[in-house]
Amino acid sequence: MAAIMSLREAIAENVRDGDVVAMEGFTHLIPFAAGHEVIRQGRRNLTLVRMTPDIIYDQMIGMGLANRLVFSWGGNPGVGSLHRFRDAVENGYPAPLAVEEHSHADMAARYQAGASGLPFAVLRGYVGSDLPKWNDRIRTVSCPFTGEVLAATPAINPDVAVIHAQQADKRGNVLIWGIVGIQKEAVLAARRAVVTVEEVVERFDATPNACILPHWAVSAVAVVPGGAHPSYTHGYYDRDNAFCKAWDGISRDRRKFADWMEKHVLGTRDFAGFRRSIGLAEAGAAS
Amino acid sequence: MSESGYTLNEIMTVAAARLLRNGQVCFVGIGLPSAVANLARLSHAPELVLIYESGTIGAKPDVLPLSIGDGELAETADAVVAVPEIFRYWLQAGRVDIGFLGAAQIDRHANINTTVIGPYDRPKTRLPGAGGAPEIAAAAGEVFIILRQSKRTFVDQLDFITSAGHLTGGDSRARSGARGRGPQVIVTDLGILRPDPESKELVMTSLHPGVTADQARAATGWKLRVADRPEVTEPPRPEELELLRALHARTARAHGAAPAEG
Amino acid sequence: MAAIMSLREAIAENVRDGDVVAMEGFTHLIPFAAGHEVIRQGRRNLTLVRMTPDIIYDQMIGMGLANRLVFSWGGNPGVGSLHRFRDAVENGYPAPLAVEEHSHADMAARYQAGASGLPFAVLRGYVGSDLPKWNDRIRTVSCPFTGEVLAATPAINPDVAVIHAQQADKRGNVLIWGIVGIQKEAVLAARRAVVTVEEVVERFDATPNACILPHWAVSAVAVVPGGAHPSYTHGYYDRDNAFCKAWDGISRDRRKFADWMEKHVLGTRDFAGFRRSIGLAEAGAAS
Amino acid sequence: MSESGYTLNEIMTVAAARLLRNGQVCFVGIGLPSAVANLARLSHAPELVLIYESGTIGAKPDVLPLSIGDGELAETADAVVAVPEIFRYWLQAGRVDIGFLGAAQIDRHANINTTVIGPYDRPKTRLPGAGGAPEIAAAAGEVFIILRQSKRTFVDQLDFITSAGHLTGGDSRARSGARGRGPQVIVTDLGILRPDPESKELVMTSLHPGVTADQARAATGWKLRVADRPEVTEPPRPEELELLRALHARTARAHGAAPAEG
C-alpha cells in the first residue's frame, strides 16, 4: 500500500541530492507544490527530466538545483520563453546547465521503454533533423525482418518520478482523468515515485479502467489541495493564466526572480503558505 | 486593421483555414495552427478531426486553447489517450493527413528551426526545442506551415534543422526515409508559398491583396522566387471574419486576455 | 465517421477470401456473431490471427475456412481443448492448418508494433524456450546502447480486424469497459476494422478517456445485441458456461459438429436467428 | 476424500497457498494457481496482489474465475489495463514477485511443456500453447508451479520446452539471460519439490501425510531424488479447509457447476 504522508516527508524520503528526477505533467497536473518543496529542502546537483519543462523547472533551474536537463520542449505555454532556463543555457547563470535534447515522440518512447524494463526504444524519428548530430544517445537500429533503419534511444529510468493527480483512494490507488500525459510511464520507469493529490477519497467514482496506478506502484502519496497551481487540475480548478503571464516579468530579471523565490517559496513553510503569500484563496479542503 | 477591413493576421488565418478539407485528420500545433484548424472546423470543415499532442483526438473546443493541453480539449474530444500513444498509434502509424506547424525560422526548402539561434553549443537565443515537430514533419501525409514572413523568420541558412522540410531540395526528402510528402503550403502574413514540384524550393504562388512581390522579397532572407503571375489571395469573406472574430472574442473572455498568437 | 450498417454488409465489405483476419477479444467480448457471419458468407483461405483462439475459431477452422493460424494460446477457457483445432493440426482435417506460434507477450507486442507503424517489436522473451527453433519469425536484435540481445518479432498488420464492444455512439465512436484486452491494438494494426456493438447510444456515460476508438478509425459498426455470446459483455450479460461445456461434446465428433453448424449457423439467417435456434431468449433491443 | 478428512487436491491447494506471503505481487495462471492464490488472499495474505494476464491488477474475486478474463476480476481489481501493458509495464519490467503456473508436463529441471506431446511438426496431442508462460517463467522474481504428479506429467524428457525452468541445470539458467530466479517450488498432490541449490535438479523435500517416497518415485518419469528426511506436509487446518470449501461452493453456485480444476 502506498504510504500517505506529508509532502515534506515524501520529498525528504524520496528525492536525494544528485538524483535523476522526473516531475512530469503535460500542461495539466504539473506538480508545482512538490517542486517548491524540493527547492525548500535545498536539493543539489539534480538531473531534471521532463518532456515539457515549464515554470516549475524554470524555478528549480533558476535556484541552481540542477546541472543537467533532459527534455524535448521548454517554454511557458501560451506565454513565451523560460527566462531562467535561457539564462542558464545562454549565460551559464546561476550555473551551467548541460542539456540533453530529444523530440516528444522520442521522450515518450524512452519513458515507455523504461516502464517496460527494456534498455532502448525504437521509433521512426529524427529524419533529416540535426538533433542526432548533437546527441549521441540518439542512434539507429536495423529491423531484423525488413532491414529498415530506425531511430533508437535509451530507456529513461529516473531515480524518482513526481506527479500530481486528482485523487487517491484510502489505499493509495491513483486516479487521473482528462489529459493523462506521460505520468503513468514516468512513475513506472522510476525507482521511486511521489504522487501529490487534490484529495483522498473513500472510493473512486470510476471503473478500475480509469485507475492510472495501483497503490503498490507508488512510494508515497501526499494530499496537497491546489498542488498543481498555476497549472490546472481537471474537475478542480482552471489554469491561472494571469500567473503564467506574470511569471514572464518576474523571471526576466535575476534579482526580481531571487527576491520572489525568497519571499514566496523559501519564506513559506509549505504550499498552503505559498498560496497565501501570493494572495490565493485556500484550496479545497483535504479529506 | 488596414482600410481593407481585416488585418494581415486575419487574412493569414483565413487563407490557411481554407486549405483544410472536411474529414481530414489534422495534427495541430499550438498558437496559429490551432486557430486556423479551429476556424476551419467552425466553418467549412465541421468533420475536421483535430489531434493535439497532449493526447486529445477529435477535440472541438469552443474557445482557442492557450496551451496544447487545455482542459477544454480533453472535455470536447472523442477520445483522450496517453502521450506515448498519440505519437505511436496515431502519428507514427500514418493516420494523420495534415501536420500543421508553426516555426521560428524556415529556409527555402521549408526546413524548420525551433531549437537555437546561433551555434547549438553556444546559443545566442535558446528556443523551446523540438517538441513533436520532427516526427510530425516526417510522418504526416503532408505538412502545412504558418508563420509571419520576415528576414528574421525566412532565413538563408538555418542555424539548426529541427524538423525536416525538403532538406536540400530535389529528391533529398524522398531519399531520407521520411514517409510523408513534407511541407506543401506555407501561409504567411504576406501570401502563400508552395514548393516547386522539381527543385522543392519555395515559390510565392499567392500574395495577399495589396502585397507586392517586392514586399515579399524584402521580407525574405534568400532570393525569393515569386510565381510569374502570383494569385491574389481571396480576401476574407464577411462570414469568415465574423467566425474568426467571434472565436477570438470568446477566447479572450474565457482566458481573461487575448491569446498570444493567431 | 464510421458507417453504421448491418453485420451482413459489414462482413461482405470488409472480410475477403485470402485475408489475414484478426477477430480479437480476451475472454471478454469475443466477436461470435461476426465469426458466424464470416462462416455464413463462406470465406475461404483465411489466415486467422488471435492471441487466444477459442470456440469461434474452432468453428471457423472446423468449417475449413482457414489455412493458417497465428496464435499464442488455443483452448476453450475453463473447459479444455479445442477439438476442431486439434483435429486440423493433428490430422489435417478438414484441411491442413499451418500454425505460427508465439507467446502472449510477443503477440501483444506485435500488435502494438503494427498499430504503431513499426516493422518489428522488441521484447524480453523466449529465454530458454523451444518456440524460436520452430518459428523463424522470432529473431533477435541487439541494444545499440547496452549490447543486450533481445527477442524481435515482426509487426502484425491484419487485412481486417473484427471486435465486439459494449457501445458505439451515433457517430461511431467505440466504448469498451471491463477487460479491454488487445482490441484497440488489433483494430489500429489492421487495414480495415469491423466493430459489432450491443447498442448505439446518443452519448457515452463516460469521459473521453474511456473511448477506445474514435469513429474515423473504424470501417464499419454493426449493432448485434448479444453478439459476444457465449462469451460475455461486461454490464450486459454473463458468460454462458453451459454452452462452453456443451461445445466440448459437440466439437469432439466431426459429424456432430457438422450437423450442429449446418443447423444453427448455416441454417439461420443472422445472429438473432442463431440465438433462437439454440433456444436463447432475444437479446436486448437495439437502439 | 480419504479418511484424513481432506482430499489430495485440497492439501495440494492449501500447501501451495501457504507459500504466498502477504504483500507479494503474484502473476496468476488460471485453474489451480488461481485457486491457490485466492485461498492465500482470503486467509493469511489479504494484501496479496493478484495479476491476471487479462490485464486485471489487484483482483479480489469472491468466486474463482473460470477463465483468465472473467468479469469478476475486472470488477474487483484496483486497476484494469490493456493486455500489451500487463506484459510490458508489469511483468517484463520486473514488478512481479511470484509467477504461479500450471503445466501439462515438467522435467527434472522444472522446464515446462504446454505446447505438444510428440514431435512439434507432427504432434500426437496438440496442447493449448505458450500463453503468457514463457515470459512469466523468465521475468517473475521466482516461479511456483502446481500440477498433479504422475509419469504422464513428470517426464524424463520433454517433447518441447515451452517455458524455461532451470534448463539443463547448474548455472545454465543464470547464463541464459532470464532475469528471475526461476522455479523455486513445485507443489503436487503427493508433496513438494524444490531445486537442489547446485544442480537445480528437483528434490522431493516434503511428502503429504501418508504419501511414501516410493509412491512419489513411482509417479515420476525420471529417477526422482527424495530428501533424506523429507518433511511431512502439515495437513490442512480446519479453518483452511473451511475457507477453501466455501470458496469452491460459492464458485459452483456462481458458475452453475464446479470449476474444472482445484
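Labels A, B, C and D are assigned to the chains in the order they are written; within every chain, residues are numbered from 1.
Throughout what follows, contacts are C-beta pairs under 8 Å (C-beta built on N, C-alpha and C of every residue); 3 or more make two chains touch, one makes a residue touch a chain.
If you're wondering where the values come from, they're calculated on a predicted model, not measured in any experiment.
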Handout entry: chain A and chain B: spacing of chain centres that average the CA atoms, whole Å
Key = 28
Practice task
Report the inter-chain centroid distance for chain B and chain C in whole angstrom, where each centroid is the mean of the CA atoms.
Solution key: 41
Practice task
Between chain B and chain D, tell me the centre distance in angstrom, where each centre is the average of that chain's C-alpha atoms.
Solution key: 58
Handout entry: Per-residue multi-chain contacts in chain B, two or more chains
Key = 56, 74-75, 80, 88, 92, 139
Fill in the blank from the handout: Touching at least 2 other chains, the residues of chain A are 112, 117-118, 123-124, 178, 180, 184-185, 207, 209
Practice task
Select the category (line, ring, star, complete, other) that matches the graph of chains linked by touching.
Solution key: other
Practice task
Report the complete set of touching chain pairs.
Solution key: A-B, A-C, A-D, B-C, C-D
Practice task
Spell out the residues on chain A that touch chain D in their complex, using ranges where they run on.
Solution key: 1, 112, 115-118, 171, 173, 184-185, 188, 207-209, 211-217
Problem - Of chain C, residues touching chain D in the complex - result: 26-28, 51-52, 71-75, 77-81, 85-86, 89-90, 101-105, 108-109, 111-112, 123-131, 134, 148-149, 178-182, 184-185, 232, 234, 238-239, 241-242, 245
Exercise for the section: Name, in rising order, each residue of chain D that touches chain A in their complex. Expected result: 23, 25, 47, 49, 56-58, 74-75, 77-80, 88-89, 92-95, 139
Practice task
State the interface residues of chain D toward chain C in the complex, per the touch definition above.
Solution key: 30, 53-56, 66-71, 73-75, 80-84, 87-88, 91-92, 111, 115, 120-121, 123-126, 128-135, 137-139, 160-165, 167, 173, 176-179, 255-257, 259-260
Completion exercise
In their shared complex, chain C is touched by residues of chain A numbered 117-120, 122-124, 137, 139-141, 143-146, 148, 150, 152, 154, 177-178, 180, 207, 209-210
